[in-house]
Structure formats: structure tokens, C-alpha cells
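The same chain A turns up in both complexes below, where it pairs with chain B and then with chain C.
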Partner chain A sequence: MSSAAAFPVSTTSVSGASAVRIRVSRDDIVLRSGLVLLITLLVVAVVFPLYTLLSKSFEDNDGEFVGLQNFREYFETPALFTSITNSIGVAISVAFIVLVLAFVYAYALTRTKMPLRGLFRGIALIPILAPSLLAAISLIYWFGNQGVLKSWLFGASIYGPIGVIMASCFWVFPHALMILVTALSTADARLYEAAEALRTPKWRVFWTVTLPGAKYGILSTGFIVFTLVITDFGVPKVIGGRFNVLATDVYKQVVGQQNFEMGAVVSLVLLLPAVVAFIADRWVQRKQVALLSARAVPFQPKADPLRDWLLFVFCAIIAFIFIAMLAMAAYASFVTFWPYNLSLTLKNYDFDLMDGGGWEAYYNSIRLAIYCAVFGSGLIFLGSYLVEKARGIIWLRTILHLGAMLPLAVPGLVLGIAYIFFFNHPDNPLGFLYGTMGILVICTIVHFYTVSHLTCLTALKQLDPEFEAVALSLKTPVWRTFRKVTLPVCLPTLLDVASYLFLNAMTTVSAVVFLYSPETMLASVAVLNMDDAGDIAPAAAMALMIVYTSACFRIMHGLLSRYLKRRTQVWRNQ
Partner chain B sequence: MKKLINNIRQLSRGVLGMAIGLLFAIPAGAETLTVYTAVEAEDLKRYASAFNEDHPDIKIRWVRDSTGIVTAKLLAEKNNPRADVIWGLAATSLMLLQSEGMLQAYAPKGLGKLDTKFRDSANPPSWTGMDAWIAAVCVNTVEAERYNLPIPTSWMDLTDPVYKGHLVMPNPNSSGTGFLDVSSWLQIYGKHGGWQFMDNLHKNIAWYTHSGSKPCKQAARGETPIGISFAFRGAKSKAAGAPLEIVLPKEGVGWDMEATAIVNGTKKLAAAQKLVDWSITKKANKLYNQGYAVVAYPGIAKPVKHFPTGILEAMINNDFEFAAVNRKSILSEWQKRYDAKSEAK
Partner chain C sequence: MPESKQAYLHIENLTKHFGGFVAVRQLSLEIFSGEFICFLGPSGCGKTTLLRAIAGLDPQSSGSITQGEKDISNLPPSERDFGIVFQSYALFPNLTVFQNVAYGLENQRLPKAEIRKRVTELLQLVGLPEQTEKYPAQLSGGEQQRVALSRALATSPGLLLLDEPLSALDARVRAALRQEIRALHERLGVTTILVTHDQEEALSMADRIVVMNHGRIEQVGTPEEIYGTPASPFVADFIGVMNFMQGEITSSGTVRIGENSINCETTNIQVGRKVRLTVRPEDILCSADSASDQALRENSFLLQVESVEFLGSFCRLILSGPEGFGKLKADLSTQQVHELKVTQNSRLTAEFPSRNLRIFPESS
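After this line comes the complex of A and B, so read on.
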């Protein structure tokens, strides 16, 4: 679920492109078999595992059906309610704090002439390059019992809700920011002009025009942040101390005690808030459609020195905190023996001598990220192409579209456990995938499928359906149009999706932590395991390797897409 | 553009090939044994390369985790075992697996040379010991001074309210060290007294860790003043420059053996037996001795640097039978009492 919003999510529904009945041609057969193939893939990779998870929660250790006994047992554990209230409490607090901070930040970026907006935007996206654990590790160095600024907590301990909330705010901030930036950049200038003409005070304009305009973006952000936080277990695992949350309960049951049936029960409990948030978010998205009319005039911010400088100070503080978080982890990863020997060393990067799979884990992560980027973007693009461009058979396309939307409602943790049950089942012919790189690739692609799918759909919708119509009348085969027109035009989007998948594959922990084997250890999981063994400096070092790699990749992606835009997208400006 | 697409196409072909290769890669050449272990990660490479000096044809594929997790994993895989050999797991865990019929009895070559305490008494034995790993309390002297904490000398000392929030111990459900602590307290103080002691101790614990070495590593970093862990870990952190004092409480300390066994149903029995043969040789025991002061092969143990003195006298007369038979009930009782109480203090 993490990074589910790294792209502005747009609303899309299957458009009925064909009003006329067309005779089933060779092209249709190709497209339809493509549809059926992709639906089958999604059913195998999403629906079957979830079904297995559900049925497992009704079984005992030996696989006998025991009805609701597991649930009864679970709901009778006194620890449960503490975990539920802890989880919800933390998720709501983070959602609230991040909403306020990210809203102001996004407002400064979109509605003012504040200097250095581009830089601030870049800095705020830093957390996307790192696993969520990095924030927790860094906070231990800042505010832990040996932390530099421990006294700032007035005797409170960072190990517990304070740490969890602070670290979560850090890593979900960019996700919130991106939605809010999108929400705030689509404003109708006419409303503001009218308000000005009526001499409405500024604060009133803000309450009656700006906020209502961004209403749906704000709601959507709230839901997404809530889901991200409630399903993340990396942060509470590292900095939670004795503060139990639902996500760590799942981890404890499955990894700590290998009690898979109980793990299934807890993950179903965890699925509930995620699904509710998903439905609510979809509902909100649908509401938003009619917001901007074709006659809207784009809003152009005007300078207002006092406001701009105040916001500049605000953004500078946030940006400073972000850099401080990263810098502390970077510094600590070079320290010989914190806090007693602060001389610098490279020994924490000697991963081969520690728990966590060594450097091989790092290379595995890069491999996984490349596979996900290449296969994932191809597959997802193909899927969205079929949803958008296949002629007729709307019901089949709708099924594929719904299937593609489903993963957004399934937290990574739940997906990971579902995969254990499904792929490790002795009768599953796909069992050979268990413990291989293959299952990690499939799981990661599925985990981040929806956002990529929506991004591709948005790009495809910008393409005039006339292309297909012309191609049809010229008797050009559909794959040819695809290769000559659709693909080149959508190449920048395809790159965005590949990059999104790459970054998420580098940083994700939640699903893969249940699926790796000794040969397919991953860097992000290694961070978790090294912290678990008490090797916090090497954990910081590995987390930074992920950041460096993601940053390099991001820069390369930026250069490449600029080049491509120049080469293939000139027509857009004409 | 065309060139670029061509390049991308070539690249993707390469990636595809690699992926297929990876997906279907079959370990070729040397025979590979899947070995489950709870040995410290930094030692695994040493063990494997020393073994490969004598048996280059057998590759070891380590699956490492905390004791409790490896045990739980083995139990979970009971009907479809994925391990061939267990090398370096608590004897109490192996006894539990033995009672489940999951171990293949085997008398390795040179068995007679081992200290009789370090083997399963049945003949042929189901498991053979490697070394003893012994509980200890790691006290960070700098931090203890800062908080005005006296250096504890007994387990009972640790229940003193001055230590409130300054203690960290491993969760016995996942950590073997945690379990040997709990089982030793139940043996030292009796069932009633032991739980009462832990109730009092619980009030002072800041948090429970997942791994047995983490409390000592955290004490070494000063993240907590006192970590209940094991002596070997303490000695290592001390060697790395941590201001630690390793305390052996005067009531005596719990201990467990790291031991080796063959998993019943392995398809690589011959190789597994070779590994177990090797694991009890003098050479292997010398290797264990680099970290552990007490090893199974009598007469070769040299003192380990920074290891606390008097460790042999401090080891309690551990009733392994008691620990193995009651493991499950002890753990669930522990969980009921302490895991559920998740308020911070």
C-alpha cells in the first residue's frame, strides 16, 4: 500500500468507445484474448491468494475447518483492543498532523510566489526514496536514549507513540503532498477575481473558495495517509518499543511464532479499515469529476511579500527537518561506535559480516526493482490499453478494470501473507515460485498495480480514439498502431510508471518481508533484520544505500524523460 | 528514437532471459544442504568456510533466525520439512523436535570423545552438542553511573524499583536466550517464586526485544543501561569498545546448549551425516571456542577474552528435560502475563 499515491490519482472509468456493432475481426480476437489473459493473471495473483487467506482464517493448525474459533480466540486476547486503539489513534493523529502541514506546504508551492518553490518541492519528496524504517532509525539517533536532542522530549521516551507518529509523519508526507498539490493546482481564477471584486477579506476567500475547492483532495489525502500508517509495520517495529499496533501483531504472529492462522485473522482485521478507506476514497474521487469546467481560467498566483515570506519560513523549517533526518542517518552510518567512539569508519557498510544477507541483499533489491520496472510497466500498460482501447465487450473490460483497482484496497502486509498461503500450498502447481525472485516480482507488481494502471489510463485517454478508427479503416493491424502510435506517445508515462515501480520495489518492506528466502534477501528487509538484531548503524547504512540508488535512478529518469519529451512530445505544444 | 527503442528492446530481452534463468535456476554442481541455524550471523561464514576446507563438495545454504523463530519454522514445516540439518539450535528446542519425531537419530564419528553432558543420552543420539551459551547481564557502566544505578549482583537486584524503565530483555517466545532465562528463573525460584519474580521484573522492563543479542547490543550503545542477554554477546561488544560490565547474577545463570541434528526425512542423508560428523570434531570445537568458553569437546577450551570469570561455577544445574517438556506451557503463560500488558509502564 505504501506510496500508493506517488502519482496524482485521476478518476477514470471505462468509456464505451464503441457505439456501433463491429464484426469480430482478427484484431478483436487478439485484443479479447489479451483481456482474458490479463484477467486470468489478476485472478491468480490477487483473487485466489485473498480467497486462500480468508479460508485459512477458518482453519486450525492442521488445516481442519473450525469456523469462527480463531476469531473468537483472537477477540478474547486482551492485547487486541490495545492494539486496535493504538493503531487507530496513531493513524488518525498522523493523518491530522500531516494534513495540516502538507496542506500549508502544498499551498505555498502552488498558490504563492514564494522563492525556491522547486527546491522545496524536491526536498519534500526525499522520503519517497527511502524505506519507512529510515525515519525511525534516524529518530533514534536524534531523540533516543543516546540521542543528540533527547532533552527536547522533556523526559518522554521516543520509543512508543511519539516516535511512531513522528516517523510516520516523515515518510507519508510526500504522498500527502502530491495529492494536495494536484488538488490545489486546479483552481478556477474566476472565483478569485469575483471574490476580489466583491472585496471579500482574504481569510474569507480562503475558507469559502480555496478550502472547498480542495475539499476532495483533502479528504482523499486523509484516507490515504490513514491507510498507509495503519498498515505500515516497519516504523512501529523499529521505534514502537512496547507500543503494540495491529501491523506488528501480524508480524509477531507470522514471523515470530509461525502461527499462520492467527496471522490470517489479524490481517483480515487489518484489511477492514483499508477497504473502508478505499471505498470512501473512491466515492470522494467520483464526486470530484465535475469540479473543473471547460471554461475555467487557470489560477495565477500573485506575489504577496508578507505571506510569501511567512510561508517561506514554514517550508524552510520542514525542509530543514527532512534534510536533518536524512543527514543524521547518513552521519550515524559512518560512526564507529555510537555514542562512545564517534570516529568515522566504513565498517558499518561491511554488510557481509552481519545479519541481513550482506551486499547480496542490496543487489537482489536492484534486480527486483529492474524486473518490476520492466515487466510491471509493460504488463500494466498493456492492461490499461486493453481496458481503454478494446472494442466492444464492455463487461470484460470492466472486469479487468475492477481487477486492476482491487490491489489498492489490499495492504502489502495482507498481500504478503495471502501469498504465503496460496503459493506454499502443497497442491498449487505454481508452488515452484515460492521462495524465488519470481514471487517477489509478482507480489510487488500487484502491490503497486492500481496507481500505475490509473496513470496509464490517464495517458491513454488523452489519445484520440480516431487513431484506432483510422487504423481500422486503413486495415492496419492493431499491434502496428500500438507500436507506431500509442506506445511512442505514451512513452513518458510508461517511464513514469517504470520509475514508480522501481522506487517502490527498492523501498517496500510490507509484502516481501513474508516472502523472501535466503537467496532472495532484499535490502529493505535487511534494514529491518539488522535493526532487529540490534545492529542499528549498519541498518542505517543499508537504508542509505537504498536512498542513494533511488536518487540516482530518479535523476536518470528525469534526464531520460526530458530527452524523450523533446523527441516524442513536440506535438503536445502545437 | 528508433535506436532507443531498439536498445530498450535488446535490454528487455536480456532482462527477460535473466529472469527466466533466475526463476528456473537449479543449483548445479556441488550438493547443497539447507541448514537451519540460530548461530550469530557473523560466525556463519567462518563455520561454513572451515567446513568447506574439509568438504568442498558440500555447500551450505544457511537459514538463520532467532532460536524461537527457527523452532517455530521447523514445527510449522513438520509435514513438509525444508531443512536437511539443524546446526546450532538450542538443545531444548531440539528435544522438543525430537519428541515430535522430527529428528533422525545418528551417532556421528568420534561421538565417544564428547563430554557426555553434550549429547542426547539415547543411543544413537538424536542430537549432539556444540557449546554452552550462558545468560549474563550486560551493564553499561557509563549509563549506570549517569542514572545512579548500582551494578546489580543478583537477579533479585533487578526487581529493585531503581531499575524501572532501565532494563531490556529478550522475548522468550522468539529468543532462545529469553527462554533459557525464564526457564532458569523457574528452576531457581520454583514455579510460584519464578513467576512472582518475573511479575516484579516486568515492572522494570522498558521493552522486550525479538532477538537475544539485541538487549546487550543496546546496552553497549547506551540505548538502555542494562540488557539481559548472554555472556558471549557481552564479551564481543566489550571487545568492540563498549563500556560494559558483564554480570553473572549470584543465584546462578541459565544456559542452554547449541546442538546439531539431522532432520528426519532429508533426501541428502549422506551429506547431512558428513556435516554432523564434522560438527563434533576437535577442529569444529576449536572454532566454537572462539566465542564460547564452554564447548562439547573436553580439554580444548581456552579462555575467551572479556568473558566473565567464574562462569562454570555460575551455570545452574540445568534440567533440560524440564525446560523441553514445559517449553510450550511456559511460553504461553509468559505471553498471557506480559505480552498482553502492552502499556509502556
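After this line comes the complex of A and C, so read on.
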């Protein structure tokens, strides 16, 4: 009988033995080609443009390298420099306000027996259906120079930091709420039972169990709200007045003054806080992993009339404000001539008579949204599949994953400018894309790549890692298992991603505002342009068309998901 | 044991390391055609790593594997010949039982009727002929594992790999499935490797057991050999329950423990060497306290009962004896315990028959 003693072991013989190299199979060739292809796409669509942007900031008007000249000029211009403090100040204020409000709201939704929780949840998600501009337009009707509640501001102007902060709070609220709801729903009931058994007072349970449990969710929300606000361009453009922020500076430098080099500098300055927030958020996410064990018992809230009704009042006020914001914009879009002639009319929807692209812009937006949903979700799912399931070649998979994470750190505005520099360069063979629908699709998919990628990865990680091993033992090619098993099982996730891309493509302004051409004008950009031209009512009308379309799409997505769930519930573990 | 002792799988000098950690070290092994073999060991001993190297899922760092006449060391898993069953079943959730079992067959482009016939046959074999249209989530764990088994057998692989297939099931189902897998193997005769950390599973199912520890083989042998003549203290301790006593060889055939001498086979271990003397709890023969009997028989000592643990069909006594014996476990049938009127603090004569004693030299 063989025993260990028969084979003298020494470390030198281990390392000295010739290494085994497994022959590459047909499957491996397919998967590796896929990886290389996707990495190439991401390099061309993200890394090259960013590199061009970076090098542009060190050049003068004629393309000569001038070192830090542009940066020196930037920091010596007080008007530009104050934008930094303005931007950071607004972003921190909004992060703080939204964090407090959304936390209480999320707490009411997840930890209480408050009535109408489903309705409140639905109302709070409305802003996701609208471009960020909508909130700003609505605020103008409420508190603007001719607003109904102007007097409530005691003489202060809505055009400035107040308006920017209020409108930003509105549109980032659902983003914050979704993270906090997730953070608060994953509670371990056993901790609460233990606390109760030890006769802990309720406020102490809140401070010692609830808050620490949601700690990472709260931090993450803070970083994400900060990034969303500091990189948003629509709100300050519409309601910021003379209050300059980094995002509007970029737009002014590039679109207004055609000073591309300075635009590059400002967008790099804008990139910095976004990258810092991104890194901080990644760090927080990593910490979160081990928090909840698989054995945790889900928390079931108990009724507490006093608390539940107090929170009901709170949620009702927030929900009322949300509806008021939407309703005012909707109402104003039908008004003949605010505030002098309040009779209702449809003329504001006659977009073809205004500057701003007309109905064609609306149809372009739908086209863009469909392309992004179809091609984007397919491409992103494929990418995440390769990252998660390709065997061996870890370094290639890691590169693709890093490439997929990168877009999250790049604000849309920065991405848009980088695309101008890269695709508009005379030597670029891809220059034919410039000014087409193609570049808008690519830019939008890249802009929203990371969140979709992470969603797909989460779904794929839930599949048994041994599926592929079994398929290999049955001599099944990898694409057959992908088609027969992986794809059908992940279909609901794929639909979610498609829906996410569709809604964002409908509402986004920041990246595409630099890239549209007269033929590819988009609805969200039309809102901006009509507002700029003083046609506020038509701008509101177009913004509402986006809301209606998004809402319809959302409902269709909901019905389709429910149908799928019913059809597959036989095999899905409920 | 199979009659034809033909080596089917040859593993030579296989090493696998993950970074600096060596999971399997310079391991060599022969597995015979039609054999049911178990890789047994504590978690982290390298048994699963070895299995996955044989499958090509996590290729070895060095060393070679030959299956049949063919060197498969460098082949990707899809070009090797094996079926595999995992602890998690890994059944495709969106496919029915029928589609799961047919999955590998469809790939061979067999006619539909033939696939249907084969799948029905296989499900009959594992006792699930009625469940073809159900989905995995609608089956119990035991049923799911049966489906996984028939899926693995569908393509008639030359080698069946079972990676802790019973560990996720509850005790009753586990015992039943143990018998079924064994019976299935007897019927099909496919060379089978089972990875397990459960010694009972290994002892009851295997033709031969490979006991592994720290990435090395401790012993290879039939269940009887492994249990009866463990090759190392690790095997002695890991398989079943074992008493260990510290001693020293005083002359050939005699070991001194404390003040007492015990006769036993000392083979060729030199005199004066420190050793560990082992005896199984069921091999300690207990009788009533009687000084005269004790003097008559060899290796008999007077021990005191420290405690009695009732375990159903038998009782485990904890005995303390003369210096050096430490605390010893001895198993007595419940009937014997009554006959001898064993209670706490009662005294017993315990005999250590020399044929059941085994010594291991203390590592210096």
C-alpha cells in the first residue's frame, strides 16, 4: 500500500516539477475571445476618451503642450474658483438633508406597520421617471418671480442655491431611498429578540442595533447623493441663476465660449470629487459583505400606533410635496400664458412650432432608450457572465471587471466632453460616429454601465457555481448551457437592467448634451433648450412627455415581470 | 472487491498548490477498474482538490493522471471521461427532471426516442420513474440527488465522481441513499470515487478507502484494514474511537506503562523506544472484580469506573486505572452492564488482549 512515507517530500521538488498546462478547449477560445472583445470595446469607449480629455487639459488652443498652464489660469480666475466651493457646499447640504429625510421615510416603509406603505413607496419613486430638470421647472412655477408661493421665501430668490438644493433633494430622493430601504430590510430579527429579552429600551435598540446595522447603507447613500448632485448639470442650469457650479462651468466653457481646453480642466476638477466618492463607496461596500450571515432570521415589524401614525404624517407630507411638484409642472404645461391667462390649452405640446427639436426629439429619445435597453443589457450581461463564469485566466476577467467599474467614477458631463475630444479628432477612424445616434447610444450605455454590470453579477453569483462543471462533464459546449440555463434563469434580472437603461436614456441630460446633432436632438435636451429660450411651459410639457413615457414603460415592465414570475414560479424557489 | 485487478486510473506524483498553500503533495495512487473508492479525511486534507484535479476542473500544479491507457493530465474537463455529482446537486432549476437527465444525451445528437428510452431507464434505476415532468424545486433533497446521479450516469461515463453527495441530506435519507448508491454501483460496475469526511459513509460503501491528511495519503486499504490495522496514529484516531496510552518498549514483546507491563507485538521497533499503545473501546474485555482471575490472565488490570454513558444498544464506560493508563473508554453491551452491576465508582477487571493492541513509535 502506498503511504506518505514512500514519497519523500521536499519543497524544492514541488517547485522544480514541470508545471502542468491544460490544453485550451474550444469553449475557452470562445470565452477568451469574448473577454478580449469586450475589454477592447471598453478601452475604446472609456479609457481612450478619458486619456484624450486628460491630454487636452495640458494643451493650448493650437494643440501645443503647455503643462499646467491651463490649471494655473483656472485657479487664478476667481469666478471659476468659487464654483468649487459652491458645488461642494450644495452637494453636502443636499446629502445631509436627503439622508435624514430618506432615512426616516425608509424606516417607516421597512420597520413599521404604517398604513399605505406601498403607495408611499410608489410616490417616492416618481422622480426617477423624470429628468432632473423637471423639479427645477416646477419650482419656478411655485416659487419663481411669478410663482404662486413666492411670498413663502420671505424675499429670498429661488434662482440660486435655495432652488438648486430644493430641486436636487427632489430628484435624488428615490436614489437614496432605494439604498436605505435595502439596508434597512436586511435586518436580523434575532438581534432584536435578544435586545428585547435583555429589556433594552426602544431608543437604545435603535442606537445600538438598527443604526449600526444600516451604517454602511447610510454612508453609501451619502457618497452617492453627493456624487449625483455635484455632477448634475440640469438643475443648476435651469434654476441656478447667477450661482455658478462646476457642472454649469463645464457647459459654459465648452458650449458657450468654445474654450475646450478650459472645459477639459474644469471637468477634471469635477472628476476629482466624483472619484473620491467612488473610492470611498467601494471601500464601504467591501466592509459590508460579512455583516449578514445566511442564518439570519428576517425581521417582522410589529404595530406601534403612536410611532406608526407619526411616521404616517411625516411620509404624507413628503408624498404631498412630491405630488405637488409633479402636478404643478403638469398643470403649467396646459396653461395658456402663465400667470395672466390660466385657461387650459394643448398648444404647449405643439413642439414642432418651438425651437428645440419638436416631436422628432421625443421620438429620438424613445429610439435611443430602446437601443440602449436592447443592446446595452445584452452586452452588459455578456460582460458580467464572462467576468463571473469564464474559467481560469483570472487576470483577463479582472481587467474586464475593472473596466466595467470605471464608468461609475466618471460623471456624465466629463464623459460627454471626453467623447467630443476623442471622436471629433480628425485622425480618429471612428470619427464617422460623431453626431450620429450611434455615439449617443454608446455614451449612454457606458454612462450607466457599472450599476447594470453589478446587478447582473449579483444575479449570476446566485447560480450554483457547479453548473458549468456539470455541463463540462456532460460534454456540453459552454454557449449551450448559457442559452439553456444561465440566460433563462437570469431573465428577470436582464429585464430589470433593460428597464434601468431605458429610463436613464429617457431622462439623462449630462452626457448627451455635448453629443447631439440637429438630427439626433433628444427630448431631455429639448427641455433644456426650450427653457433656455424662455419657453418654460413647453419645456414642462416635454418633461412630462418623458414622465408619461417612462411611467408607461415601467408599468409594462412590471406586467411582463409578473407574467414571467407566474410562468416560472413552478421551478423558482419562492 | 472487483476480480480483475486492473489499474484504471493512475495518479503519479500529483501536487496542487494555491499560491503558497500546498493542498496536495506528491501524491501517487492507483484505482482499479470497477472499484468503489473513497477519499476520506478531515476538511482541508486535499480530498476535494484531488477529485477536482482528476476531473480537470482545477488542474494539478504538477504530476500526471492516466485514465485507461490515456494520459489525461493536460486535457480540459470537456475532453475527459467522467460524470460528476456535487453536494449542492447543481440541477438546472429551469429544466424538468427529464430535461436535466437528457441534458448530456441531447448533446450526442441521439434520436429523440432513444433519449426518451435512456432517460426513463435511468430514472427507473434510481427509483424516480414518475417524476419526469417535475422541476428540481418540487423534489426533496434525496430525490434531487438521485436525479443528479442519473444525469451523471446518462452518458455512461467511465468514471463517476461523487463530491460529498450525501452531506446536505438528513440522516435517514443519507443512510438509505448510501445503500442505493452502493447497489447501483454493484449493478453498473462503473469505477467510482466518493469524497467524504464521514467515516461511516466510507466504511459502509467503499471497496477501498484512501485516508488523507494535510494533502498526503495516510493509508490505503479495505474498510476492515483501515479500521483493524490503522497504519498511523492519525488513522487510528480519525477512524472510529481509539484509546491512546504512553509507554516504552522494555523488551521485545513487552511495553511498560507506568509501573505495569503489557505484552504485545512490538514488531521491529527497537527496545527503549517510546511508543503509543492503542486499543479500541470494544476490544477491552471487562469482567467482575476478582483478584484471582486477574492474576491468571495476561494483560489484566483492576480499573475503576468513573462514569457510564448510556448510548442505546451499548454503554461507554470511562475507566481510570494505574498510573500511565489515563482515562480509557470501554464499550459494553447494555446487558453486560446489568450483569456486572456496573455503577459509578465500581471496580472492574479489564483485559487488554494482545492481538487487539497496536503500537506506534512516538515521533522524536
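Following the convention adopted for this analysis, the second predicted complex is superposed on the first by the 548 of 574 C-alpha atoms of A that agree within 3 Å, B and C clash if a C-alpha of one lies under 4 Å from a C-alpha of the other, contacts with A are read in each partner's own complex, and residues count from 1 in each chain.
As a working rule, contacts are C-beta pairs under 8 Å (C-beta built on N, C-alpha and C of every residue); 3 or more make two chains touch, one makes a residue touch a chain.
Here the structure is a predicted model, which means the values were calculated and not measured.
Legend: residue contacts after superposition of the two complexes on their common chain; A:K475 is shown touching chain C, with no touch to chain B.
In the superposed pair of complexes, A:I555 makes contact with neither chain B nor chain C.
Of the two partner chains placed by superposition, A:L346 touches none, neither chain B nor chain C. Once chain A of one complex is fitted onto chain A of the other, the partner contacts of A:R242 are limited to chain B, with no touch recorded for chain C. Of the two partner chains placed around the shared chain by superposition, neither chain B nor chain C is touched by A:I29. By the touch criterion defined above, A:P488 lies against chain B and chain C together after alignment on the C-alpha atoms of chain A. Contact comparison for chain A: of chain B and chain C, B touches the greater number of residues. Using the contact criterion defined above for the overlaid structures, shared-chain residue A:T568 touches chain B and also reaches chain C. When the shared chain is aligned, chain C comes close enough to touch A:F467, but chain B does not.
Counting contacts as defined above, chain A residues 488, 568 meet chain B in one complex and chain C in the other.
Touching chain C in their complex are the following residues of chain A: 1-4, 6-7, 9, 13-14, 17-25, 27-28, 464, 466-467, 469-477, 480, 484-485, 488-489, 568, 570-573. Contact residues of chain A toward chain B in the complex are 77-79, 82-83, 86, 140, 144-146, 157, 159-160, 241-244, 252, 255-260, 336-341, 352-356, 367, 370-371, 374-375, 378, 426, 433, 436-438, 441, 488, 518-519, 532-536, 564, 567-568. Residue ranges of chain B in contact with chain A, taken from their complex: 1, 4, 11-12, 15, 19, 22-23, 41-42, 45, 61-64, 68-69, 72-73, 75-76, 80, 142-143, 165, 171, 173-174, 206-211, 213-218, 220-224, 240-243, 339-344. On the chain C side of its complex with chain A, the touching residues are 13, 15, 17, 22, 25-30, 55-57, 59-63, 73-79, 82-84, 86, 88-90, 92-95, 103-104, 107-108, 135-138, 151-152, 154-155, 157, 161, 216-221, 231-232.
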